[in-house]
C-alpha cells in the first residue's frame, strides 16, 4: 500500500475488534415484540399512520416522514400494532414508539417489490425511492440519506467518499459488510454516483481490515472510477471532516459542509443498505449490529430487525456476564450508555458494546495540569484545555469565540486527559446551551 | 552609548519601575485585567514619559536652577498640563489613536511613575539623552510589567483560586514572584 | 498613585457621595485665573519662606557630609580645595555660567600650610549589581597609590554586595595599593602592590568599586598629574 | 442479569487512556531517585538530608492547607525534591525547609493548588531562598575529608546563620565568570564538580529525561529548544569572542540540564501548545545566555525559567492552534 | 450626604476604612519605603502632615475656590505642603530624607490625599476635615508601621534598629528588598481576608 494517508492528531484507543472481526454475519431470530420509535433519524420525528390493532406485514410503512429532513418508518416484521406510547429510547429519554406484537410462526414471507428497480429510475426517482425506503445514515448519526443525495441547486459534487473506516473500537459491522458483501457496496456506489452525478468515488478503509480491502479490490467494477484507499488506524478517522482531509487533503471550512469542498460522504453500511433496498425491493427494516465487549457472553455480528429490544438482542448473544456493568449503544468513544435494556435497536445503532466493571471503574478527577495532551489529540485543533476551564466557569460566549462550534464531541480530549476531566461531555453540554441561547435570540 | 544602554536596561528590567521601584502600581494592580488594555496603557505611558522627560530636562536646565524649591509644584503642573495638551492633540489629529489611548491619558496624570521619572531624573542629574533613555526604559519596563500581569491574571481568572487569596492578595504575591524573577537581571551590563 | 480607586479594592472609597459639590453657576474665567494665581502666589510665598529657613541647614549638612568624606579619604590634610576640570586642566575657579554638576570635580587636599598639595579626593561611580555605586577615593599623585576609599551610595545586595559600603575590611584593603588596581580573590593574591582582595560571593560589587577607581583615574590622570606637577613647582 | 438497576450510565467516551495525573507525577518522582543517589555519591549523605528537609517543608503545608488528599497526586513531593536538588550540599536544613514551605504556599496554594499556579513552585522557593539568604545559597562547601561527614553547616539552628568559616569550593560557572577558568568537560558531564545537589551529573539527568520523554511524561520540545538556543547563542558569542564560554561548557555547566529537563517541562507552568513549547524553550535558552554572559550572576537558569513562566499565559494566547477549517485570514483573530 | 459623628470621622480611617489595608490606596509608598520601621514612621508622619495641612486648608478655603479649578487648586495646595515637608525633613533628619529619597516628593500623587480632599474636606467644616485627616493619616501610619515592622524584624532581625535576636540571627534579606514588599503586603491582605471570613462565618453561626 506504500505511504498511508491519514489526518493529524487523533488518538489510538485499543481496538478490541478481534472479538467479532472474524465472525460472519448471521441472522437473528425475530423477537416477540418490536419497538419502533418515530424518531430514529436526525430531523423531525415521523408521523404514525397506523392504529392499535392494525395488522401489518413486513415492510409496510407505519409512519410517514414529516417534512424533507425526516424519514418514514416501516414495520420490520409482520404482526399487530399494540399501541403508540412513549418507550425507552437509545438516547435515554422516553419517546413515542409504535409497539408491534410479532405474529408467532409467521413465515415473514417475501412480498411483492415495494421499491422499484433502480435501472428504470432517473436521479430524482432514485432519491425518491431512497426516501420511501426510509434509508438513513447507518454510521450512527442517522441523517436521512435522500437529503444528502440531493445537493442544493448549483452545487456540484465531484467526489463521493465512502466511509469504511469504522474507527470506533470494538465495532465490526462495516468491516463484515465490506468483507462479505463487497458487490453490494459497489452496487450502492453505482446508484449513488448516478444520483449525484459524481464522476469519482473513493473508499477509505482503515488498514486494520485487510480482508475488507482485499474483497473490495477483488470485486471492483471496471467501469467505475473508484479508488480503494487504505488509511492509518486512528480515531476519529471516520468523522467526515477527518476522512476528507485524509483522502483528499481538503479541510472542510469552519461551519461548512463536505459539499463546500465538492464532496459527499456516505457510510459503507448505508450504501450497502441502499443496494439491498433496491435488490430486495424491501425498505430498511433490518440492519447489521455488532454485539460485543467483554461483558457479553457470545459476541456476534447479527442482522437485527429494527425495533428489537436490546434485551432480546443480548439474550440472542448468550446474555451478559456477571461483571457486566455498562451497556453502550454505538462505539465506546461516542456511544450512549443505556439506562434500560428495553430500549430498541434503531436504524442508527451500529453496535452494542457491553463493558465490565474493570473497564468503567470510576476514576478520580484531578485538577487540570495543563499537560497539553488534549491539544495534541483534538482532531479539529481546538484548545480543549482552555475550553474546559471556560466551560467550568460557564463562559459560553468565550467558548464560542474559541471555535467551540467546530467541536465534534468525538471524545479524544476526554480519552487522553490524565486528570479524567470530562471535557467532551462539558463541550457537548455547552454546545447544547449555546444552541438553546441562539434559538432564544432568534426571532 | 553603553551608558545610555545601561540606563535604559536598568530602568526596564534591573530596577524595573513597577517591580522594583513600585511606581505605576495602580494600573499594574488595577487596570491590568486584559492584555490589550495593558498594552495600550503601556504605550500611552511610554509616550507621556518621554514627553515628561523632555519637559523635566528643560525645566531643570532653564528654570529650577534658580528656584529648586519649586520643583515638585512645577513638575506636577507641567505633567498635568502636558497630559491635557496631549489629550487634546491626539483627539484632534488622530481620533483612532484617541479611541485607543484616550481613556488612559487622564489616568496617567496621577500615575506616580510620571512624577517619579521626573524626580529620579533630576536627582540623578541625567542630561537630555540620558533622560530620554531613562524614560524609554521606564516606559518599556512599565509596559512589560503590565502585560505580564495582565496575561497572568487572564489565566488566574480561569483557575480555582481560593476565596481567601482571590483579588489583591494573589496579585501582590504574583507581583512579588515577578519581582523575584526580575532579580535575575541584577548586574546586567556591569560585570563586563 | 492615581486618584481612581483601584478596582481590586473592596469598594468605593470613603463615606461621602462621589458627586462634586454643586458648582456655582457660571464663574468668570477671570476669577478662575485669579484664584489659581493668588493661591499660586501664596504657595510660592510659603515655600520661599520655608526654603529660606531650611536652606542654610541643608546646605551646611551637605557641606559637612562632603567634607567628612573628603577629609576621610584624603587621610591627613585638614582642609581641601575644590577643583573643576575645564578644558583639560583642573582649576579652582568655576567659569562663569558653567553648571558645576556637569564638570568633573576633584578635591585637592591642602597641607598644613594651607597651600601645599597633599593628595586628591576623587569621586567615581559605576553601575553595580543593582544600581550605580558612587564612591570617593583619596589618591596620592606622587606614587599613584590609593590613600583610602569610601563608598557614598550603593544599593547592592544586603549582607553580600553591601559589604563594599559596610565592611571596613574591604575599604582597608585599598589603602596604599598602587593604581591601576587589580581585584583578586581573597587570599589568592600574589602579594603584588596593585592587588585588592575582593569580597567572597560579591565579586561583581567588589569589581565595580575597583573598576570605578581605575576608569576614573585613567580618564583624569593626565590632568591630575599636570596639576600635581604645577603645584610642586 | 435480571434488573437494569445495576447498569452504569456514564458519559462518552466510555474508555479512557491508562495514564493518570498521579501516575505521571509519581513516575517523575521515581526518576528523581537516581539523581538523589548521584547527589549522595558526590556530596555525601548530608545532601539527602537537605533534600529531605525541602520535601518536608513542601509536603506539610500542602497537607494542611491543600485540597483533600492533595498529597496523593505527588506534586508536592516533586516540588520538594526539585527544590532540594537545586540547593547546595551544605545548605542549612531549616532554610531548606522554609524554602519548601514558601514554594508550596506562595508558589502553589495561593493560586488554588495543583494545576492553577503560574510559576514553577520549586523555582519560586529557590528564588526566595536566593534572595533571602544570598550568602548561604552561594556557599559551596568543599568536599569533606570523610565521605559520610556533613558538609557546610547543615545543622545550623533554625533562624541562625551558618558558621562563617566554611571552606568553599567554587562552581564551574563561578570559576568561569569570576576567574575565567574552565572545567574539564568530562567532569561536567558526570558531575565531578561543585554545584547544587542534583544538577551536576548532566548525563544522568539526560538519561532520566529521555526515559520520561519516551513515556510522553515530558514534552521533549522544551529541553530540545532550550539546548538548541543556548548552544546556538553561546556558539555565536564564542565564535565572535573566544573569551565567552563555548556552547558545550554552557550546556553542561550549572543547572541548565536539570532546569531544562525537570523544571522547564513542568506541565502546569509551560505552554500547552507545541509551537508555544518551542518558543518557551528558546526563550529560556536565550535568557540563560544573557544572564550568564552579561548579567551579574554566574547562573541564570532559575530566573530564565521563572521569567518565561510569567510569559506562558501570553505565549499560550499567541500560539492558539489554527482551528480545523479556519481560513488563514481569521486565524489572526 | 449621610451625617456622621465627629467620633466616626476620626476613627473611620484608622481601621475600618484603613486607606491602605482596606481601600488599597497609597500603595506606592507602602511598598517602597517600608523596609524599616523608622522609614515607615517618617513616611507615615510626613504623609499625615501633608494630609492634615491640605485638609484644613481646603476645608477653610472651599468657598473661595470655583469648582472648575478645584482639583488644580488642591494639587497646588498638596504640592506646597509636600515641598515644605520635604525641606523640613531634609533639614531635620537628613539620614531619613536620604533613605526616603524621591518618595517624599511622590506624596503629591498619593491618592489618599487627593481622595480625602475630594470626598471629604471640600464638603465639611474645618474641624471635621481635620479629624478625618487625622484618622486617615493615623490609619496610613499604622499600615506603614505594620509593614515596616514585619519587614524589619524578618529582614534585619531588629526593630527600630535594635537587634532582637542576637548576633546569630540570619536575616531574611529578601524582606527588605522589593519582592519582600509585595510578599509582605500580599500576606497581610490574605491574613486579613482570612480573619474577616472567619469572623463572618462565626457571626453567621451565632445567628443561626
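The letters A, B, C, D and E name the chains in turn, as written, and every chain counts its residues from 1.
As a convention for this text, a contact is a pair of C-beta atoms (placed from the backbone, for glycine too) under 8 Å apart; a residue touches a chain by one contact, two chains touch by 3 or more.
Given the structure is predicted, the values throughout are model-derived calculations rather than measurements.
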Steps needed, at fewest, to go from chain A to chain C via touching chains: 2
Chain nearest the overall C-alpha centroid of the shown protein atoms: D
Furthest chain, CA centroid comparison against chain D: A
Chain pair with the greatest number of C-beta contact pairs: A-D
For chain A paired with chain E, centre-to-centre distance based on mean C-alpha positions, whole Å: 70
Approximate Å spacing (C-alpha centroids) for the pair chain A, chain D: 49
Centroid distance [mean C-alpha coordinates] between chain D and chain C, Å: 42
Gap in Å, rounded to a whole number, between the CA centres of chain E and chain C: 30
Junction residues of chain D - those touching two or more other chains: 106, 110, 113, 115-116, 128, 131, 134, 177, 296, 316
Shared-contact residues (touching 2 or more other chains) in chain B: 25-26, 29, 69-70, 73, 110-112, 159-160, 165, 167-171, 173, 176-177, 180, 183, 186-187, 189-191
Chain C: positions in contact with at least two other chains: 1-4, 6, 8-9, 43, 47, 50-51, 129, 157, 159-160, 204
Those chain pairs that satisfy the touch definition: A-B, A-D, B-C, B-D, B-E, C-D, C-E, D-E
In the complex, chain E residues that touch chain C: 1-2, 4, 12, 17, 22-28, 61-62, 64-70, 72-73, 76-77, 79-80, 83-84, 87-88, 90-91, 94, 109-112, 114-116, 118-120, 122-123, 155-156, 171, 173, 176-177
Residue ranges of chain D touching chain A (in the complex, touch as defined): 1, 4, 6-17, 19-24, 67, 73, 75, 113-116, 216, 219, 267-274, 277, 316, 320-327, 330
Residues on chain B engaged by chain C in the complex (per definition of touch): 6, 10, 14-15, 25-27, 29-31, 33, 65, 69-70, 73, 107, 110-112, 124-125, 127, 167-168, 171, 186-187, 189-191
Residues on chain C engaged by chain E in the complex (per definition of touch): 1-6, 8-10, 13-18, 20-21, 23-24, 27, 31-32, 35-36, 39-40, 43, 46-47, 50-51, 53-55, 57-58, 61, 65, 157-160
Chain E-touching residues of chain B, taken from the complex the two chains share: 19-23, 25-26, 29, 69-73, 75-77, 80, 110-112, 115-116, 119-120, 123, 163-165, 167-173, 175-177, 179-180, 183
